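Chain IDs A, B and C follow the sequence of writing; residue 1 opens each chain.
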């Protein structure tokens, strides 16, 4: 019985099979790169076609968006401001509330409270966005109209608030993760000096988790910007360059939905507009995601 | 005269001797006592504020649930579930959308599972820390955060137009598969990582190849975890509206899809359609549709949780 | 072949006093290690190991924790390959074949050189399937009758057959610790290795189970070459024919067990076996 001895046929076949299997698995992993390439390719091709007919200056800086009218205008700013307005309102709700919730859960809450709060937050995060859209249009807006009689049926405020509620769990859980990454030693040092829990939390833990928390905030903004159904249902389809949350606005995402619902033939300029808007949306969210990922990596390095 | 003032988090050591550097107020002085009381007050106020936030979140959720139930409970009926769409609200049902949703999700799973599990196996078992593997990982993390409507645009340009699938179930399922792929990959990797190293070592020591070890030992043990992650990913996909609207899952489809090439609609799109109508009767239908959707979601999540519990009870090694 | 007994004043002198063979040179060695160095990344864990292990004997590796005996054991079946960043310099020959040469079929090697681990690791399958697995993947399963016969044979070799013959299809995880370890031994034996490497096989077991394992090892050496790592010196003295003493990544002394424990050549060895450290 030696280690020499002919490599039997089955052994060689096995080696080849293993080789093929590894390459097959690798190909599947590469598919994810294919997805990114596909997104960029599709968006680029159609946007290039769009920009052949519409100068980029008019697109990016024009203040009227009426591509489906007889006398079309292709200034995307109303869509951008619509998106930013709703997102701003959402962030005013989600960021402070999410951070407070995270601080409380991370530094104060006992196990019983966690057992109630965690599932609630998970539930809030898991509700499909159409449901939130329904809620925003048919409950929140009428409710707000009791206090603000001038509030129109479609507006930025209602969906903004509801979007904030939807994003709150994301901010909370990511910030909580960041705070839990702060080593116990830092807290203990603070307590040992006689600091209260609040002082320790706000002046030691949160600053220490700063880049992690910022990463969470940026991810939340990216999520708000990319959100579609809540605004498609409740914000309206009138592109309006305004900062007034009581008027209807249209976001970039809602516009894409609007056109997709219609019967726009392929290859027309109107068809290409959704890709141009989509490209803008993609660049914006992708950029934010990259910054967020970079911040998270830096945070990990600080406390790894 | 030791003023034993304790505040949360700090320990009591009796009377404090103020040192020149110490910013701790001296409890024995009146100013010091006030400062401490102020700090305690602020601490309490902070806790109240935080609790208030949680209460608001809880209350909002409760309100939302109550609102939907109140609006939709009256319309929910077996008839509602099994009827097709109609111009008349009272006769409109969701059967076409419900079957569409289920059909699309099943096809999505059939596409996403082999690719996702294969990719995860590669990254977890073969890739290691190579440059290719790390790039792929980075890419997957980014893809997980791309807005779902962008996937819709990809599906429109690639599947519907370029590959000529048209506005079919296959195009919708392919689009959703790409959407859930990052999540499937991430959760499958978690499940693979949970398999103890000793299991792999035992297999290698017997002269097994890498793939033999993965196929015969690692995958069977990781399977429940993979399945749980998959069900959770699919339950998110079933609520997705935007990408399917974009690829053209039209809202006026009134029949249940009969093949992967047929046009289709899904529950969330039908709900969207009804909500967007000005007539109030359709709003009730929308609410009822939401209840059906949520019921579907809850059952999927319950299945995932049951699987996870059963898996934990059996344990591994 | 023994060197003069003299106290060591520094490790540097080991180079001249180290021995590599414990028996006469006429019996060809089964495992032949030549100036082997092992690295975890940049850190050298094993330094200049040379040893010739004879067939059909039980060789024990002893030494304090962290001295590298387990690491060395794992180089013999290239188990360290699955840890990233490890590197081997020098030569390890089994039956005169350099197992680290390029093109070596590691999978084939691991069938020939079996391993039993410190913590028993039966697969979460039935007793039958645990053993059948190794046979199947190596193409040794044959038909149903042959498979059952081979499984019975290996369970008998591991002195486990009588205890499990009526419950072959029950889960292996339901066995006691000692039974699980004997199952792992049976599993390793089923694929007909020449060499059996055992990494502290009884350290997690109670004294009675330990005794059974030791008896098993003693019986098995008639057919196999066994290398056993142990931190229990009495066990090494009971069970092995030759013993190698490792310290801080070096092989200090290697000789017949009787000699190591009664009249070792190195002072370091003597200090260790008399319990002055470790």
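Here, contacts are C-beta pairs under 8 Å (C-beta built on N, C-alpha and C of every residue); 3 or more make two chains touch, one makes a residue touch a chain.
Keep in mind that what you see is a predicted model, and the values were worked out from it rather than measured.
By C-beta pair count, the most extensively touching chains are A-B.
Chain centres computed from CA atoms place C at the largest separation from chain A.
Distances from each chain's CA mean to the overall CA mean are smallest for chain B. Each chain gets one centre point, the mean of its Cα atoms, and the points for chain A and chain C are 56 Å apart.
Averaged C-alpha coordinates put the centre of chain A at 14 Å from the centre of chain B. Annotation: 49 Å between the Cα-based centres of chain B and chain C.
Residues of chain C in contact with at least two other chains: 107-109, 112.
Within chain B, contacts with two or more other chains are made by residues 209. By the touch rule above, chain B contacts chain C in their complex via residues 128-129, 196, 198-209, 212, 216-217, 220-221, 316-317. Contact residues of chain B toward chain A in the complex are 7-11, 24, 39-40, 42-43, 46-47, 49-51, 53-54, 56-58, 60-61, 63-64, 67-68, 71, 114-116, 118-119, 121-123, 126-127, 132-133, 135-136, 138-143, 145-154, 156-158, 161, 178, 181-182, 185, 209-211, 235-236, 238-242, 245-248, 251, 268, 271-272, 275-276, 283, 286-287, 290, 293-294, 297, 301. Within the complex, the chain A residues that touch chain B are 14, 17-18, 21-22, 24-26, 28-33, 35-36, 38-39, 42-43, 45-46, 97, 100-101, 103-104, 108, 116-117, 120-121, 123-124, 126-135, 137-139, 165, 168, 191-200, 202, 219, 222-223, 225-229, 232-233, 253, 256-257, 260-261, 266, 274-275, 278, 281-282, 285-286, 289-290, 292-293.
Every residue of chain C that touches chain B in the complex is listed here, in rising order: 77, 79, 82, 84, 107-112, 114-115, 117, 119, 121-124, 133-134, 137-138, 173, 184, 187-188, 191.
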